[in-house]
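First chain A sits with chain B, and in the next complex the same chain sits with chain C.
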Partner chain A sequence: MTAPAGPVPLARPTARARLRPAPRPRELALLGIVAVALLAGSASLGATERALAGQPAVLAPVHPFQLGIYLAALLAAHLAQVVAGRRTDQVLLPAVGLLGGIGLLLMERLPQDLVGASIAGRSLGLSDVHLVWLLVAIGAATAVAVAARSDAWLRRYKYTWAAFGIALLLATFVLGREVDGALLTISVGPLSGQPSELLKVILVIFLAGYLSEFRPILATESTRLGPIRVPPVPYLLPMLAMWAVAFLIVVFQRDLGAAFLFFAVFLALLYIATGRAAYVVLGVALGILGALLAYRLFGHVRARVDIWLDPFADPLGAGYQVVQSLYAFARGGVFGTGLGAGLPLVDGRLPVPAIHTDFPLAALGEELGLAGVLAILGCYLVIVERGLRIAASAADDFRALLAAGLALVVGVQAFIIAGGNLRIIPLTGITLPFISYGGSSLLANGIVVGLLLALSDRGVGPPPAPRTPGGLRFRLGSRRGSAAPVGPATPARPATPAASAR
Partner chain B sequence: MNATDGLRPVSGNVLRVGRVLTVAFAVLAVGAGYWQVIRAPEFDRAPDNPAVIAAGRSVARGIIRDRDGTVLVTNARDVNGDPYRKYADRSLSTVLGYVSRQYGTAGLERAYSAELTGAVSTDPLGGLFGGSGASTVRPDDLSLALSLPLQRAAVKALGASRGAVVMLDPATGEILALASTPTFDASAIANPATAAGAWGQVSTDPATPLLDRATLGQYVPGSVFKIVTSIAALATGAIGPATSYPQQPGAERDGLLVSGYRVRDGHHPFTGSGTAAPLRFDEAIEVSCNIYFALTGLAVGGERLAESAASLGFGAPLPFDLPTAGSQVTNGGGSFGGGFSDDVELANAAYGQAQTLVTPLQMALVAGAVANGGVLMKPHLVTGISGPDGTRTVAPEAWRRVISNEGAQTIAAAMERAVEGRWGRLFTPGAAVPGIPTAGKSGTAELEGTLQPHSWFIGFAPVDHPRVAIAVLVEGSGSGGQRASPIAGSLLRLFFATVGR
Partner chain C sequence: MDGYALAVWIVRLAFLALLYVFLAAVTRILLRDLRGAAVGRASSLGRLVVVASDVAEPTAGQAFALGAVAPIGRDVNNAIVVDDSFASAEHAVLTFRGRTWYVEDLASTNGTFVNGLRVAGLAAIGFGDEVQVGRVRFRLERPPA
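This part shows the complex of A and B:
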C-alpha cells in the first residue's frame, strides 16, 4: 500500500515491517464452536430435506459447498487479523459469524426462487446470493478491522459525512423505488440498495463527532426557563433537527423502523455524552408527540398500530403477516420443529410473506424453538456487550461514543424487528442484523463490525488532540509505535472551543 | 486524555444504556416464551394455522357421530385419491359446516379442524426420520350431543321459512338440535367436482343459507324477552310474585305515559281492561302484558337489567363450539343507566322491543336457565373426542347461577300458565305436549314499517323436572302463536316420543 496523496487517509499506510503476527486463540476456539454448531445444523437440515424428498435421512450437510465457503471466509477473516497482528476483540467475529451462519442455513432452507439473480449465465438462488453478500460483509469487516488504524478520517469530517448521509437520503426521494408501500430502495442500473442501512452508520459517525465536541456545553450548561433549568436552548437544535429528520423519514419514506432506530440511537448517544436524564425525558416526550401526530395524520402509521393492537381483528387481511408470525412461533414451541421441518406450505406458498427479510426470527422461532430464539437474542446481547465494553474503555469521548453508537445500532435494530415479529411493538419493515437477506444490510453491518474491531485495538495510538479552532487541519492522526503524534497542532492540554467559550 | 474539564467519564452512562437494552431484550425473551409456550396450544389448533390447513389437505378427516352413534359425515376419494367429505343430511349443513379445498372450512369442521385432521397430536419430527416420510397423523373422531332425528324434524318443521330452532338439555347444556333454514348442500361444496357451482349458488343466494341463524342471527325478541326482564326483576328483588301496578289496567286502554311518551299495548279484552284488578306477575306472563313489563323494567332500572342480561350471556359472544354473535339489551353508549338512552327506551326494551337483539341460542339458554332452577349451563355440541390415545369426554359445565331456585320456580310456574292456562292457550296454541306439563313464552317481534313480525317461542318440559328446553324463531311469519308455538309443540312431542322416552 502507498500513502494517500490527499488529506483523507482512508486506510493508514502499514509498513511491511509492522506486520507482527499475533495469535488469537480465543477467537479461533470460539470459531471452532461456531463451525461445529453450523455443521450440526446443516446436517440436521440435510436429513430433514432428504426425508421429505423420500430419500434415506442421512445426517450430512445439505449444501456442504456453501457452508464450506462461509466457514473458510470466517477463518480467512481470523487469519487476516492474526497476520495483521492487531490486538482487537476476539468475541465479536464468532458471535457475528454464528448469526450469519444461522441466516445462511435459513436461506438454504427457504424456497430458492424468493430471490432470482443471474450472473454470467448462471442463475443464482436465494442462498447463493445471500452467501455472496455474506462474503462481501465479512470482507468489508475484515478490511476495516485490519486497515483502519486511525479514526481521523471519521472524526475530522463529520459534517462531510452528514452531508453525504443527507445526500443519500435525498437520493432515495429522487431515485427511490417504492417497495411494499415504502420508499426505501435506490436502483441505479442493475444495482439496488437501501440507503437507510448505510445511513445509520454515517449517522453514528456524525453524532459521535458532534457530541464529543459539544459535550462540555451540553452536559453542564443550563438555561433558566422560569423556575426550571433546561438544557441550553441553542444546543437543543440538533435534537429538534434529528426529530424532524426522523419524522420526515416517516412521512416521505414510510420507513417507520429506520425512524425509530435513528431516534432511539440518537437519544441513547445524547444521554451517554451528557448523562442528563432531562434530555431523555424531553426526547421521549417529543417522540411520543411525534408518534401521536403520525398516528393521527398518516394512514400507514395508523394501520401498523391498529394491527399491532389487534392482529386477530382481520387475520386474513391486514393482520395476516403478524398472525402468521405468531402461529410460526407457536408451532416451534420450546425446542422447535427442526431446521427444514417447519413452515408448512399452503398451495405451494409460504405462510409468512417477506420471511427472508422481515420475519427470519419467526421462521427460526418455529424451526429452532424458544431455545433457538433465546440463543439468537443472546448472541445480539453479546455483540452489544462487547461494543459497549469497547466504548467504556475507549481512549476518548469520540471513540467511546462511536463504539457505543455502533453497538446500539445493531442492538436496537435487532430489538425493533424482533419486537415487531413477537408483537411487542408495532411491526416495521427493517432487517434482522446479520441474519436477514439483504445486501445493504449485510454490508452496513459488516462495516459496523469492522469499525468496532478497529476501535477495540488496545495497541492503537492515542486519539488526536481535540480540534483547535482555525488550527492546522492536516495530518492529525497518529499510528501505533510512533513516539509522538505527527503534526504541529498537538498541545499537551488544548482548549476546546467549548472550554474557551466558558 | 479527555479534554472535558472535569466532566465525568462516559463509561458510567454507557453502562446504564447497556442495562436498558438488556431489559429490552429480556422483554423480547419473555414475549417469545409467551407465544411459544403459553399461547402455543391455542394457536396450534387455530383453523387458519397453515399447519392445520396443510394437515387437512391430505388426511382423511375423523368421523362425526350424533348422540345415538349415527355417522353424520364420511370420507370419499376424488380421482386423484385425495379425500373429501360426504355429509349424511342437509339439515346438518350449518352445524357441521364443510371442508373445501377451494373455499375453506366452516362449522364444526372448522372449529375442530385440528382434532379432525390430527394436527394437534402431531409430533412434528415424527415420520421425518422414519425414512419413509409417511404421515403418522391419526385424526380424532367427534361425538355430538345432537340428535339427527330431532335436527331433521326441526328443519322440516321450519319448512320453506327462514328461521332457527335450538333444543338443549337444561341440566347439562348439551345441544340436541341446532337448526337453521334454509339449509345448503355441504357435500356439493366439499366435492371438488361440484364445488365451484355449488359455492357460486350458495354464496350468492339472497336467503343467505351459509348464515347459521341459530348462533349468528340477531333478532328483535319481542315478548320472549320478558323472561329476561323477569329474571332481572325477581333476582334483584325489584318485584315479587304478588307485585301488581295500580296504573296498569288504565294504561292498557290509554297507554302508559313515560317521560311524555306513551307506551301502548295491544288490547287484552279478556282481562277486562280498565275495570279489572291489576295483573299479578304470573297473570302478566300468561297474557303477555307489555305495560306490566314496561313498569317492571322501570322498577328494575337500566343498570340492573343490563347486568342481569349480561349474567345470562348478553353483551358478548357466547362460549360455544361454533362462532356466536352477542345479544344486546341496548345499543349502549346512552347516558341512562346500563347504556340505555332514556327511560322510554328502557320501558320498551323490558318487553323486547327498542334496541334489544338476541340470537336463538341465547334465548334457548334463557329458557334453559329457568328450567335448571336458575343455574345456567355452558352450551356444548361436542361431548367426546376420541383418538388413538383414548377418548376425552366433555363434561357438563355450570356457567353461573342467574337467579335463585325459588325465583326460577316462580317464572317456571308463570310460563306453565302461558302454555296451559285459560288465556295462555290462546297465545301459544299447539305448544302443549299431551300428558306432559309444558312451560313456555311466545313472542311477536314487531319490526319497523310494514314488515311481518318475527314469530318466537321459548319453553321447556316437563315443568317439574325439565329435560328439554327449546327456542324457535321464524323470520317474518306473524305472531308467536301462529308459527313458532306449533313448531315447538311438534318438536317437544317428538322429543318425548323418541329421545326423551
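This part shows the complex of A and C:
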C-alpha cells in the first residue's frame, strides 16, 4: 500500500550561489510566433492608416519604433529568466506578450488624444503612455519571477496584507475621485491609480493564506442548521465579511465589476480549498440576495441592469455605449474590417468614449472579427489553464491556492468585461487584463504573471515549515542527541495549526 | 484588384491566422504537458517527507508515497517504520478520508505532534503540516503532479 519512494534530496542548493543559465527553447519559439504575428498586424494597420491619410502606399509597421521596443522588452524578459536559470513556465510570457501586443496595436490605432501627458516637454499620446506602462508591467513580472525565491513573505504576513488591502479600500472611500459615476481613482500628487486592481492581488494572497491554514477544519467540520449542513460558525464569519466587503464596494464605490470579481474569486477558492459544493451554493445564494438588495436599493445598479436587459429602450442616452458596442461587433463579422479600417467616427469622435479602457474588446471585435475575439479569449483560457496546472503541481496548499487564485482573477476579470461588452452580463467598468489602457491594471496584472511564474519554478525550495504556537517547536535535528520531544503539558487538543498562533 | 491591395488583404488575414498558429503551438505544448502528467502521476494521495530525523531509519530527506491508510510506528509491519525507542510499536496512523488527511494517535506513549501540538485522538491535517513521531519530523506534501 505504501512504499518508500527512495531518498529525495531536500536541501537543494539555492541558485543564488551562482548563475546557471538554463535555455528556454519553447518560450523563445512562441515569442518568435508572437513577434511575427504582431509585425503582420502592425503592417496591416500601417497600410490601412496610410491609405486613409492619403500617404504613399507602403506595407510596413505603423510605428516600427514602438513595436521594436515592445518586442525587445519581451526578449529581455525571456533572457533575464534564461540567465537566472529559472525553470519556470514557458507559455505564460508569450501568451501575455501576445495580448499586450494586441493592446499596443489597438492603442496605436485609436485617436492619440484620448489620453494626454507630457514628460520633459514632449507630449505623449495614448500609445506612448500605454507602451511605458506595458514596459513597467513586463519589468514587474520579470522582477518578481526572478527575484522571488521564497513565498514566506506572502504566507507569513497574510493579516498584514489584509490590513493593507482594507487600508487601500478605505483610502479610496476617503481620497477617491469620482470618475464616470464610480469612486475608483485615488490621486496622490501627480500619481493616480485604481486601487481595486492591486486589491485583487492582495485579496488572493490573503485568501490563499487563510484558506490553507483552515482548510482541514473547513473541509471536515460542519454544524447542522436545520436540514442543511453549514460550515462551523466561527469559520462562516469570513464568508459573511467577504460578502459585506463586496456589498460595501457596490454601495460606496459603485464599482460593480470589482465586487463581482472579488466575490466570484472568493467562492472559487473556497471550493478549491474544501471541495464542498454546499459552500458554493450558500455563497451563490448570498450573492443573489445581495444583487437583489442592490437592485432594489440603488439607482446606479438598477440603471446598469435595465440597460443590460434592454439597451434599445434609450439607444441615444443610457444605452448608447452598449448599443454602439453591439453594432461594432456586428460590423466586424467573422474576419473583421482589418486593423484601422473600423470604428467609424461620429462628428469626428469615437462613438464610445471609454473604448480604450472599457470597450477594447468591442473595438477588436470590429477590426479583427469573431476570429480575432475567439483567439484573444483563447489566450485568456491558456493563462487560466497554466495557472491551474501550476496549482495542481504545487507542493502545498498555500502555493496551490495562490496559483489557482491568481489565474482565476485574470480569467474572471476577462470574462466580466468581455461579457459586459457582448451584453451577456450587465456592463461594469473593469479593464480587460493585459489589453486595456490603464497603468494600475497593467502593473497589477504584471505582478500576477510574475507571481505565477515564480510559483511554477521547479527549482525552488520546499515550502517553509508551518508556523507553530510560540516556543513550542522542537528543534529536532539541530541538536543531535536531544531528548525525546517535550510536548506541551496542556491538555491535548486536535491540532489546528496556528489556530492559537496569535 | 491590384497587387498592393491584395498584399494588404493577405497580411490582414495572415495576422489572424498567426494568432491561431500561436494558439496551436501553445495547445501542442499544453497537451504534451498534460499527457506527461497523466503518465507520471503516481496513484498516491500524498507524500510524507522526512524533514529531520535523529535516528537511523528513516533518514532525513526520505519520502514515502502514501496510500489511503498509512500506519506509522516502530513495528516492522508499519507502512512507515520509525526505528526509534521513543516511538511506540503502533504509534499513529495517517488516513485519507475523501477530502483531507487525518492523523490518529494510537495511544502512543510519547504522543504524536502536529506542528508542535500534541494530538488527542484524531486530527485533520493539511498539506504542508508537520507531523512528529518520536524523534522524526515528517511533512505532508501534495502528491507530485
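By our rule, the second predicted complex is superposed on the first by the 451 of 502 C-alpha atoms of A that agree within 3 Å, B and C clash if a C-alpha of one lies under 4 Å from a C-alpha of the other, contacts with A are read in each partner's own complex, and residues count from 1 in each chain.
As a working rule, a residue touches a chain if its C-beta (ideal position, glycine included) is under 8 Å from a C-beta of that chain, and two chains touch if they have at least 3 such contacts.
Nothing here was measured: the structure is a model prediction, and the numbers come from that model.
When the shared chain is aligned, chain C comes close enough to touch A:G41, but chain B does not. In the superposition on chain A, contact of A:A29 is made with chain C only, not with chain B. In the superposition on chain A, A:L309 contacts neither chain B nor chain C. Of the two partner chains, chain B is the only one that A:L422 touches; chain C does not reach it. In the superposed model, A:L240 makes contact with neither chain B nor chain C. When the two structures are aligned on the shared chain, A:Y271 is found in touch with chain B, with no touch to chain C. After overlaying the two complexes on the shared chain, residue contacts for A:L377 are found with chain B alone; chain C is out of touch. With both structures placed on the common chain, the touch criterion links A:L297 to neither chain B nor chain C. In the superposition on chain A, no contact is made by A:A285 with either chain B or chain C. Contacts of chain A with chain B, set against its contacts with chain C after fitting on chain A, overlap at residues 47-48, 51, 57, 215-216, 219-220, 274-275, 338, 369, 385, 392-393, 395-397, 400, 462-463, 465-466, 493-495.
Chain C meets chain A in the complex at residues 4, 7-8, 11-16, 18-23, 25-26, 29-30, 33-34, 37, 47, 49, 51-54, 58-70, 79-80, 86, 99-101, 110-111, 113-130, 132, 134-137, 139, 141-142, 144-145. In the complex of the two chains, the chain A residues touching chain C come out as 1-11, 26, 29-30, 33-34, 36-37, 40-41, 43-44, 47-48, 51, 57, 59, 90-91, 94-95, 98, 212-213, 215-217, 219-221, 274-276, 335-336, 338-339, 368-369, 371-372, 375-376, 378-379, 382, 385-386, 389, 392-398, 400, 462-463, 465-469, 472-474, 476-478, 480-482, 484-485, 487-488, 491-495, 497-498. For chain B in complex with chain A, the residues that touch the partner chain are 1-5, 7-8, 10-18, 20-22, 24-25, 27-29, 31-33, 35-37, 39-40, 42-44, 46, 48-51, 53-55, 124-125, 127-133. Taken together, the chain A residues at the contact with chain B in this complex read 47-48, 51-54, 56-57, 215-216, 219-220, 268, 271-275, 315-316, 323-324, 326-327, 329-334, 337-338, 341-346, 351, 365, 369-370, 373-374, 377, 380-381, 384-385, 388, 391-393, 395-397, 400-401, 404, 408, 411-412, 415, 418-419, 422-424, 462-463, 465-466, 493-496, 499.
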